[in-house]
Amino acid sequence: MGALRDVTGEPMTQMGETVVAASGVDLTFETNDGPVHALKGVDLEIGKGEFVSFIGPSGCGKTTFLRCIAALETPTGGTLTVNGMSPDEARRARAYGYVFQAAGLYPWRTIGGNIRLPLEIMGYDKAAQAERVARVLELVDLAGFEKKYPWQLSGGMQQRASIARALAFDADILLMDEPFGALDEIVRDHLNEQLLALWARTGKTIGFVTHSIPEAVYLSTKIVVMSPRPGRITDVIESPLPKERPLDIRDSKEFIEVAHRVREGLRAGHEA
Amino acid sequence: MGALRDVTGEPMTQMGETVVAASGVDLTFETNDGPVHALKGVDLEIGKGEFVSFIGPSGCGKTTFLRCIAALETPTGGTLTVNGMSPDEARRARAYGYVFQAAGLYPWRTIGGNIRLPLEIMGYDKAAQAERVARVLELVDLAGFEKKYPWQLSGGMQQRASIARALAFDADILLMDEPFGALDEIVRDHLNEQLLALWARTGKTIGFVTHSIPEAVYLSTKIVVMSPRPGRITDVIESPLPKERPLDIRDSKEFIEVAHRVREGLRAGHEA
Amino acid sequence: ADDLTLQLKWVTQAQFAGYYVALEEGFYEDEDLNVTIKPGGPDIAPVQVLLGGAADVMVDWLPSALAARENGAPIVNIAQPFKSSGLMLTCLKEHGIESPEDFPGHTLGTWFFGNELPLYSWMSKLGYATDGSEGGVTIQKINFNVDPLLQKQVECATTMTYNEYWQVIDAGLTEDDLVVFKYEDQGISTLEDGLYTTEENLADPEMVDKLTRFVRASMKGWKYAEENPDAAAEIVLDYDDTGAQTEAHQKRMMSEVAKLTAGSNGALDPADFDRTVDVLLSSGADPVITSKPEGAWTHEITDAALN
Amino acid sequence: MRNLGPILTVVAAIVVIWYAGAVGLNAAWSKDQAARAGVELSFGEMVSQTLSQDRPKLPAPHQVAVELWQSTWVEETQGRRGLVRSGSLSNRSLVYHGWLTLSATLLGFAIGTGAGVLLAVGIVYNRAMDMSVMPWAIASQTIPILAIAPMIIVVLNSIGISGLLPKAIISAYLSFFPVVVGMVKGLRSPDAMQLDLLRTYSASGGQAFWKLRLPASMPYFFASLKVAIAASLVGAIVGELPVQQGGLGARLLAGSYYGQTAQIWAALFAAAALAAVLVGIVGVIQRRTLTRMGMAR
Amino acid sequence: MSYRDLKYGRTADMLLRMDGIFLPIACVVSAGWIDPSLGMIVAVWLGAWWVNAWIASYDMSITRLAAPVLFGATLLVLWEMAVRLYNIPSVILPAPSAIAARMAASPDILWADLVQTVFKGALSGYLIGCGAAVLTAIAIDRSPFLQRGLLPVGNFVAALPIVGVAPIMVMWFNFGWESKAAVVVIMIFFPMLVNTVEGLKATEAMQRDLMKTYSAGYWQTLFKLRLPAAMPFIFNGLKITTTLALIGAIVAEFFGSPVLGMGFRISTSIGLLELELVWAEIVVAAVVGSMFYGGVALLERMVTFWHPSQRG
């Protein structure tokens, strides 16, 4: 990867290498009133450098699937490998950056301290830490809030801080669970662009949960549509859009077509 | 209000009666590193039966303003009245239903129990409680999850439960802080329609924070655009759209014009 | 029957056999008294109980009674069933203490709570400092058992002829391993186990009458106990709520206690009182009492009782 | 019961250390005695002697076990005053003394918990109480209860209260504090949003208490109950020390007066076992309640 | 005004304000009817409480101090009144004024006892006990086996009443402060251990998951997540054990001490009926204990400022 990171411009998608390979993944939660089938027979391949969006009605298992990839949940059936290893081995190799659906900042650390957390753990030196914290705070437009505590920030600001935390270090796989849910359109567009640029620059593989169809279509190379009860994949759409994506690509014919297909898939899932 | 509730069809907007009147509202938080000006000179009138959306960059004070209306925060300057009384008196008269930005369900109560909470407090009888819980669960598409505990639900489901909780009782003023943030487009559209129908049926006054421009335009009679540091109102747009709003109104010229104006306002706020 | 409560100085044991015998054998009943005996214990100051009104009469040692009197507790000795003192200092022979001259440089253990007063008086009479300084002794507070002596945490320990001494013997040491100094022999003995009441009670003729009958019956109990030590010990065992006492130990204790009560008909001998006061007054820099007490005893009760 | 294995392992380790400790601590006396008798002890003799002394510094586990057995089962079934022969519990048996202590403990626990909860509610709901009472509640706990226990008993006696109640009051004195501290923390544990929600409903203070603060405080409540019941037991025992009228406390001290080390340890173990059982019962109730409330995950 | 209102429900304050005239007067009159002295005492009490409620309604740092002080002063006045009005003998309960006089008369005794008991016995035991408990908690944290075995047995040991343990410790560690420290260690070890173990578990699932995604090592998770999250619990333990440590050291002295120390003085002075000295020692114990507790509470505020219960 080291070599790839230096190259800028075109994203380094080499579809040949498989990063995530799921086949027949099942997951059942046991609850006080009976089992809940959160995932059922999920098959999916994600290649290196892909940007995969997951979309589907709430409760369909998007979070659960992301958690399985990150080895935070263990499937009760099927096989799942990441970089050819088990998700847990990949986790231990520090393959993941994860943005949770809720911000989950540590209340005893300032915003800066929260972002510094993974850097400390991964042993970055002091100077690198300071430099990276400043850079990602800038990226998510929170410069000046470094010394504040989480409960002193608005909901959207907390969410941005948690995004900054995941971007501060160099994970090959970035898993983001509705990262932009609490942000307004302008910031969202801005961060979408930033994320695409980052992706292009670094060649990371990204798994991205969103409820916004335009966002999914704008960002992804592959869109996974899911449906609930039990959670399964109903459609996988390879995006025909070029790698270079100015914001106004959203008015193009291809874009609208893809969006339409996603919407149809979603609607079907709701009816199911 | 009793009489109004029975009338269906046209919403009962009687612009004559002012529900919320803010003039020169200031709010400053004292934090460990200096004061934060969350609101500065906010002037706003909300008439009875209006549907007012607040939109603005994250951290601009939308939540703070909603909290001021609901007497959860006390302005440090200016005057604010609700129904001609102080917000606190209005609160004690049980004028508010509030949906928080985070779900905030009580972990020791099931979903059903959480929705029943306000009903118990306001002294509804057992039968009415059961009937209302069932009705609002149906409304937010969570029937069947009554007996589950909050942590057994996905993020979006929790948010819907918290919406159901606020709709279960008859408050004249409904304050909703990004209620649909974690929901997909389809559910969102569905709930938008439901909300409009409810509004039309009951003539409630609604204050609604959202980050989605189409949502704001689709729902509101009045759109308030805010900008941050310090938080103030930069634009107030009276919607020219008719009361009757099918989903496809979103393709109309008026709609697109209003959306454009909101987007411009937002952008200006970001540049500021 | 008239109610009367007696507060003991210590837990139920043969040291108080006379009262339990009087109760069990109906001597109190014969005097038309309904007597309640409250056992004492560590940290219970009988004087407090007496002044608090929860007891009418108590068993106490004269030194601590006089100290209490100086602290403003108007208590009066009304009878003295114990003629002699059972107090002694027991040392392990191996520490090389043979006479009081050998004390300096050694650690002497004593009970406190007022029981230390005789030892301090003795030491000051001998002219020894008690703070462990050169040429003096170290006084160590010990609890009410003999473990510190056995485990050599102290070299000498306060013991009673009727109790702790025998515990040392029971533990496996022999008379030959020990050196004992009886306070009686050293001429510093103080009066133990007298009966006391308040001046207020003595001002009340009805109460005086009750106390008279009580003392009479108690002395009857004591004389019975002296004559039937084994039976007395059995009675004590029956009254022991803690169930901790053993028969052998209580029988032996009773026979030793009998030696101490032997010379008394119940009336206080003023000579003994004066001797005790002298011992206490003579204790050097920090005397237990500062002036000769007045009215600290009376023969009023015993005179009436013993006729 | 999956805890059984680990517990037995730990207990076994403790017993081994205990035996070693007994040999070590008691050796001095055995050597002294041998020296006094002028004999030389072999190692084996010494070990066997250290484990069978009458007044050991540390009695061996089996000595304590034998004493426990003797003073419960054997005393009641065969003793002159035992249950079998006399029809009532023997005052020489730990069953009798344990029962005395237990009754004072339970009464004291009830009083202490009740008072503690009330005080906590007062502190949380009344500003004046919050500011003025808490520091004094803390100060009250720094008073060595053993010091004033005799005085309390004397004072209560002088106004005619005796028997179970003085002990229970001391026991309540010790147990109310953990409950106050835990409950205050628990009643204040709801976060801002949970409180705000009720504010929007204009819930009354009572409703906020029953529907939010009380349920939210339950984990804290039970945690402090566990501490409180153990403290109650200690209080009851302390209350039994000055009045030598039975109970494990009286038993403990009487043992010490007569140098009956095994008796002390037996009483000590009986007390600890009683505490363990009481804490265990509270634990079971805790688990049941929290599970029913959906708070045990 | 935020959600403070809920925190301090107005009911009690209102009771005092609205019925501020009738209820107290009724109380005073009825008490005075039973017994005039009682009437006076009740009157003083109610008066002081009313003033206190008034003071407490102002939230300033000075009132935070004034309220408890006034409350304490009220208690003292009531005590003094009770002793005088009812002629309670000083050998049963001395008056505060007499206690104060005694404190002024013998500061050297009180100081020497304080040094012996608090600085040598309690503090050393506290530091050793808390340190050992936290280290043990961390040590057994990784082993569910040890936790399942040790905690129940530990609860059992913790339940051994101090009055039984203290004589044994004196027998083992002699009369000096070491045996007091040992008693303190035994008393505080398990409460501290239980709190710390509990605290180490008190992280939220998402916080732990985050650490997992970083593949943080055990020690990193410990220092960056679990110890900070455990701090409220650890401080809970630290606070409870301050009073335990002090009581433990004092009570242990009842069972063996050199001829000085607070416990020694208290236990032996009762026998000599020097009740003023006894109470003087108790006062010192209460003051020192409260300061100790207050100090730890202050530290807690500084360390766990982020916890909702500290943000108020």
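Read from first to last, the chains carry the letters A, B, C, D and E; within each, the first residue is number 1.
In this text, a residue touches a chain if its C-beta (ideal position, glycine included) is under 8 Å from a C-beta of that chain, and two chains touch if they have at least 3 such contacts.
A quick note: this is a predicted structure, and the numbers were derived from the prediction, not measured.
Would you pick out the chains that touch chain B and also touch chain E?
A chain counts here if it touches both chain B and chain E, which gives A, D.
C-E versus D-E: which has more C-beta pairs touching?
When C-E is set beside D-E, the one with more contacts is D-E.
Which chain, with its centre taken as the mean C-alpha position, is closest to the global C-alpha centre?
Closest to the centre of all protein C-alpha atoms: chain E.
Centroid from C-alpha atoms only, then distance chain A to chain C, rounded to Å. What do you get?
Averaging C-alpha atoms per chain gives centres 86 Å apart.
Counting in whole Å, what is the centre-to-centre distance of chain B and chain C, each centre being its mean C-alpha position?
About 85 Å separates the centre of chain B from that of chain C.
Taking each chain's centre as the mean of its CA atoms, how far is chain A from chain B in angstrom?
So the centre of chain A lies 29 Å away from the centre of chain B.
With chain centres defined as C-alpha means, what is the inter-centre distance between chain A and chain E in Å?
50
Please list all residues of chain A that touch 2 or more other chains.
Only 32, 102, 149 qualify.
Tell me, which residues of chain C touch at least two other chains?
Residues 42-43, 45, 48, 52, 143, 147, 151.
Give the residues of chain E touching no fewer than two other chains, as numbers and ranges.
Each of 3, 92, 167, 171, 254, 267, 270, 311 in chain E touches at least two other chains.
In the complex of these two chains, what residues of chain C are touching chain E?
Listed in rising order, the residues are 42-43, 45, 47-48, 51-52, 64, 67-68, 71-73, 112-116, 139-143, 147-148, 151, 153.
Touching residues of chain E toward chain A in the complex: what are they?
204, 206-207, 209-217, 220, 224-225, 228-229, 231, 304-307, 311
Can you list the chain E residues touching chain D in their complex?
3, 5-13, 49, 52-53, 55-57, 63-64, 67-68, 70-72, 75, 92-93, 145-150, 152-153, 155-165, 167-168, 171-172, 191, 198, 236, 239-240, 243, 246-247, 250-251, 254, 262-263, 266-267, 270, 278, 281-282, 285-290, 292-294, 308-309, 311
Okay, in this complex, where on chain D does chain B touch?
Of all residues in chain D, those touching chain B are 193-194, 196-203, 207, 211-212, 215-216, 218, 293-295, 297.
What residues of chain C sit close enough to touch chain D in their complex?
Of all residues in chain C, those touching chain D are 11-12, 38-45, 48-49, 52-54, 143-147, 150-152, 167, 170-174, 177, 240-246, 249.
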